[in-house]
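Common to both upcoming complexes is chain A, partnered first by chain B, then by chain C.
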Partner chain A sequence: PATTATEVSVGKSTGDRLSCNTTSFQKKSRSKLVSIPGTRPSVQNGQLIVSTGVTSLDYVIGGGLAVGTLLLIEEDRYDSYSRMLLKYFLAEGVVCGHELYVASAQDHPSDIIQELPSPILDDIASPKPVESQTKPCDPEGPDTMSIAWRYQNLPKVQTALASSSRFGHYYDVSKTMDPEICQAARCHGFYLPEHSATVSPMPEAYVALLKNLQEVIHREGFDGSLPQTKSRNVLRIGLHSLGSALWGDDLCCRDNPSHGHALTTLLYGLRALLRSSLSVALVTVPSHLIQNKALMGRITRLCDTAVALESFRGSERETNPLYKDYHGLLNVCQVPHLNCLVCDLPDNKDLAFKLKRKQFTIERLHLPPDLSETVSRVSHGGLAGAAMLGSSGCGSAGNKHLDF
Partner chain B sequence: MFAELNSILNSSPESFKQGEFILVSDRQTDASFLIHHFLSFYLRAGCKVCFLGLVQSFSHYSAVSQRLGVSLNQAREKGQLVFLEGLKESLGVLLQGDTSNGTPALDFLRDPSSGLRGLYDFVHGNIRGSEGRAEDWGPPVLMVDDLSVVLSLGVSVGAVLDFSHYCRATFCSELQGTMVILVRCEAEEEEEESDEGSERLQRGLTHQCSLTLQVQGLPTGYCRDIHGEVEVCWRGRCDGLQIQRKLFQYKVCDKGTLFFARGTSSAVL
Partner chain C sequence: MLLEVLQGTEAGGFILLQDTVSYSGRHLLKSYISTALKREEEVVHVLGFEACEKEFRDGLDRTNAQRLHFHNAYSDPLGWTGNSAFTVHQFTLEDVSTLIKQTPQAKAVTLVIDSLSWILRHHDPAAVCQRLQALKKGGAVRTVIVLVHTDMHQRGTVGSIRHLATSVVTVAPGTRGLGAVAKTTRRTKSGKLMQDEETFSINEDLSVTIHSKLSHPGHTHVNTDETEVDPTANLTFNLRLSDTERQAKEKLALPFVFSKEKKSALLQPGPGSGRILYEPDANDDYDQEDPDDDLDI
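On to the complex of A and B.
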């Protein structure tokens, strides 16, 4: 049975239902709970995971995002790629039929939803309502195949929006998602300018956010408060640019912020909410504005998975031939070990990303072969120095260029 | 519990030193595997354990302890384990802010300047409370995972040091029990920001404790087969022994942790 980071019980045999296998084997015990679409148990420790929307990011954080955990994205300087990751995350939620919760102090949540990238699907007949899932066949029904019984469990027509056999989808960023698909998704928004302030120890904006989030979780039953008649679903929470000045926080403006622990208290409360409900959150923080490294360390500790983006745009590295294939560097700062002592992770720490139209790829950073005719040591010094950066705290394993 | 660590620390569930204050600290890595070790160790030893789980849910510790061969659910039912689930209790305090419900243990969330008095009262009450049945179990053990998170919630370093001092007086001196505390530091030790909260906390607690285990990543960078280094330091104060230090490298596995002398990892040899 799949274990979760939260204590809400999830039905068994999630792995069975989601993969369309060609065997005729069916488990005798059919539990009453329906498996949640868009999730699957992790191959490492059986935890329930969801896709972040970017398959290569799923891979580098250990297979996917565990339900009940928090992913921190340290924004790049212009918040372009981190926003992109937020949109992928939400788009994945729409395609899988999850509910969404979007909070932002800058753009209205409905604007963010309208800008989601369009999914690339194998074949779409027409956007059906996402609630209808393909039910497993009843062995005693009239449609039971008697000769070609091995093909019994293959889906008949691929019209469901979520192709349940695949984990994670691909998106075309040049197009926005079809409005009909967007509207089929249930979305809760929190736009800061619309909420009034309340009194509390934290800056009011964070309290209002936490309260609102708890209300939504409780009302929609993600914490197990509703009876079992409703099928279980996952709530995807996207919080944009926490800690920025628009949230009323001066973390990014001063060395000694007046409410130094406001954001960390929010993250603690958020973790409490996540661990007690079927939800998963993605938070972006403009870490490049926070001067206090120790504070950034504490913020990272309070999140489960942490990824930092550093884009080359506008920096001198944009024209560096070393990085010409990529848009930026990606650093996996932290990965959680939940319900286990250790988890298996991909080895290499020097990762770079590039955003192509149909894919956000994350690759190992390697130096291209030097094909110049005159090998001069002076020019290589600059390149080697640049290759050392970006893998903070993990040593200099990036320089794979052999100098002869 | 980890057999190799037991031999390093010269202790076993049958015979271990009493009145110890063990400080587990880490820097830019994760030392919580040691907390799982100590939890299963003291439960196996038959001690009454009071665990303040401030950062993870009960099911997390339960799942890991299962792999180490100890059932936390059973221990809790028998009364051997008292578990404070900080996350679960905190929501009520953070959002409603009313004093009627919720444990007073997490009062510091409501008013960080009031310190950790409520938490100490909770701990004190749970150890003293079952006086009649205290004979069933061995000396009491207090475990905290992790204490530095309260700094992120606004509590001052002084208040945390007061808390640990009071706990030490109760657990180690009075009841001859044990305390195991985990603190986490973020910054590099050499940086000028050594005035930062968790650094001061770690130094203050190191002064109070009798045994420290400091966990760090390898100075040369990430390695798949060696996850880091542990420096074990005995501060022999009672019998006048010199301070003894030992350095080991470790690798965390699925069901335990391997400890070995530097350079003797199985991947290297």
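On to the complex of A and C.
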């Protein structure tokens, strides 16, 4: 892939830990560095990256979303979590001061903007400290260990994935964003029923979308057409449910769609637009409705980063005890190699997500230890202790404390 | 939950009734219509493609019958004779709105389509989805109830229509001869999902009797009822502890067990976690000079 328009020349690469506050090292930077609020150079390949709004997702796709690339999210069955990810993405844009472009055939873009989650502004992306750091040793407490007491205060196994540097914000899902904050953000919308009075045949809907997007990018100067006096900003593009029947596309309805290339042409044109402008796009596609798997493969190849969500709601997995702590599985299908040969990813492929009120966490799916009642291990308090497994080995978050 | 599907009074409801050739969903559809008609001031418009008006009105309550408007698309759905009441090609937002405007005094309008399979055969499925969405959002109609025969269409088509629906009811013949089985899925505006599976039957007056609620079909957790074999039994040596032996074991003081204060002191993160305490022995040559100082290079 060609170099993006926003490649940052990182001459002195020792200062990569820019955002980490444990060092007072200040990188000597030339003025070539594009400094846009809400973005930072990636530590892996020097690309300018933005946060997706979910810090765990940033970690899983390699630090963040590079400006000029396209993130594909394959929707879950009832479009609940993918819609949430779209809202996180747009909310992050509002908080960072980016401009927004929202396109949907189902809901009006202003409705989507009004439903954005509210940011938690006093707790900006700081990893929670381990609570038990200075807990004194108490032999009578149920959590104390009598033999392995030196390991008492060590943190339990971290299953939540997070990187150490500050990037991205946290949002409270139960509240919606303040209208003042929403109005402060510049937002362009594309609502398909408004653009064509009659039912729009395909692929005219996609052509209209692409033309509108190109016009907005050119008019607002994201492709460098405006003179340098205006400060640079990033355009965040959110396209909801592309490929669904409401866009006039029968990709999801028929096994052999009549215009099978319409969506792929749109993605190709969209990626070309993104590469030549300071913008980043998130696209959701209802892949569970697409019957033609080869087509889904083509769509994935045409996007840079691809993530698939599978929710447990309404399926038989909901009652599986293995999955009881989570809301669904997340699969990272593809990650781009931008100006590099290999990309650095977390090696664990089994990821599960859980939507909590203040955080969308993505964790490694692990098997809890077998602590059924029939296992003959007794637990008595006191000096003798018990013959149980150590707590640092297993990742159980359970109440049973384990001792050597 | 089968009966609660109709209880939502907010606009934009879309109830999808899925049936197959083994069990027809029309009885349940008529039951829903009669429930809607029992509510005051509510008008039901029916686009009937598959049954004639007489057969459709059969069984419905006579007193409410004038609030049911049947648009005959059964005799001539494709408009071959030229004077059909309603044709398949008239399934657009404007034409349906014109039909609804015939009853302007209604407080709430329910639109019933029997069945959508007819329309899906003559129109592009994507266009049908767009028109249904427009009807849902249009505001002229409060609820849309649609009957679809799932075995007539491709999976993707049925899936796309399901995606638009707020409630989906799938009916199938019952296994034990008690009645039929209905699987209901309801999606509220906040995104909450509720599912249920019930056995039901429809009485003469078109009311629905729920027989039983089947347990959640995904309940696969099986209690382990096989008894675990106790390995300490049937041995030639004794692995068990009597009570006195257990008490003696617990009283045993383990080595390297410190008092509480010493443990707390050791657990506090001190100024230096590793301190080297060196006391030079008599034999140690503790000479501060660097032996390489006299090297002359």
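Just so it is clear, the second predicted complex is superposed on the first by the 289 of 404 C-alpha atoms of A that agree within 3 Å, B and C clash if a C-alpha of one lies under 4 Å from a C-alpha of the other, contacts with A are read in each partner's own complex, and residues count from 1 in each chain.
Quick note on the criterion: a residue touches a chain if its C-beta (ideal position, glycine included) is under 8 Å from a C-beta of that chain, and two chains touch if they have at least 3 such contacts.
In this text, all values refer to a predicted model and were calculated from it rather than measured experimentally.
Student: Should A:S244 be classified as contacting the first partner (chain B), the second (chain C), both, or neither?
Tutor: A:S244 contacts chain C only, not chain B.
Student: In the overlaid three-chain picture, which partner chain does A:Y268 touch, first (chain B) or second (chain C), both, or neither?
Tutor: first
Student: Answer with first, second, both or neither: which of chain B and chain C does A:Q291 touch in the superposed model?
Tutor: In the superposition, A:Q291 touches chain C alone.
Student: In the overlay, answer first, second, both or neither for which of chain B and chain C A:S118 touches.
Tutor: neither
Student: On the A-aligned overlay, A:R317 touches which partner chain: chain B = first, chain C = second, or both, or neither?
Tutor: It touches chain C, and chain B stays clear.
Student: Is A:S80 contacted by the first partner chain B, the second partner chain C, both or neither?
Tutor: After superposing on A, A:S80 lies in contact with chain C but is clear of chain B.
Student: Determine, under the contact definition given at the top, whether A:Q359 touches first (chain B), second (chain C), both, or neither.
Tutor: Touch partners of A:Q359: none, neither chain B nor chain C.
Student: Would you mind listing the overlap between the chain B footprint and the chain C footprint on chain A?
Tutor: Chain A residues touching both partners: 200-201.
Student: In their shared complex, at which residues does chain B touch chain A?
Tutor: Residues of chain B touching chain A: 28, 30, 32-33, 36, 55-60, 63-64, 67, 87-88, 90-91, 94-95, 97, 109-112, 149, 151-154, 184, 186-187, 191, 193, 196-198, 217, 220-222, 224, 227, 252-257.
Student: Given the complex with chain B, which residues does chain A contribute to the contact?
Tutor: Contact set of chain A toward chain B: 3, 5-7, 200-201, 207, 210-211, 214, 260-261, 264-265, 268-269, 271-273, 275-276, 292-294, 296-298, 300-302, 337-342, 347, 349, 393-397.
Student: Touching chain A in the complex: which residues of chain C?
Tutor: On the chain C side, the touching residues are 92, 124-131, 133-134, 137, 154-157, 159-160, 163-164, 185, 187, 191, 193, 195, 216-221, 224, 228, 230-232, 249-254, 257, 260, 263-264, 266-269.
Student: Provide the residue numbers of chain A that touch chain C in the complex, in ascending order.
Tutor: 78-80, 83, 105-106, 133-134, 136-139, 146-147, 149-150, 152-153, 193, 199-202, 244-250, 252-255, 286, 288-291, 313-321, 372, 374, 376, 380, 382-385
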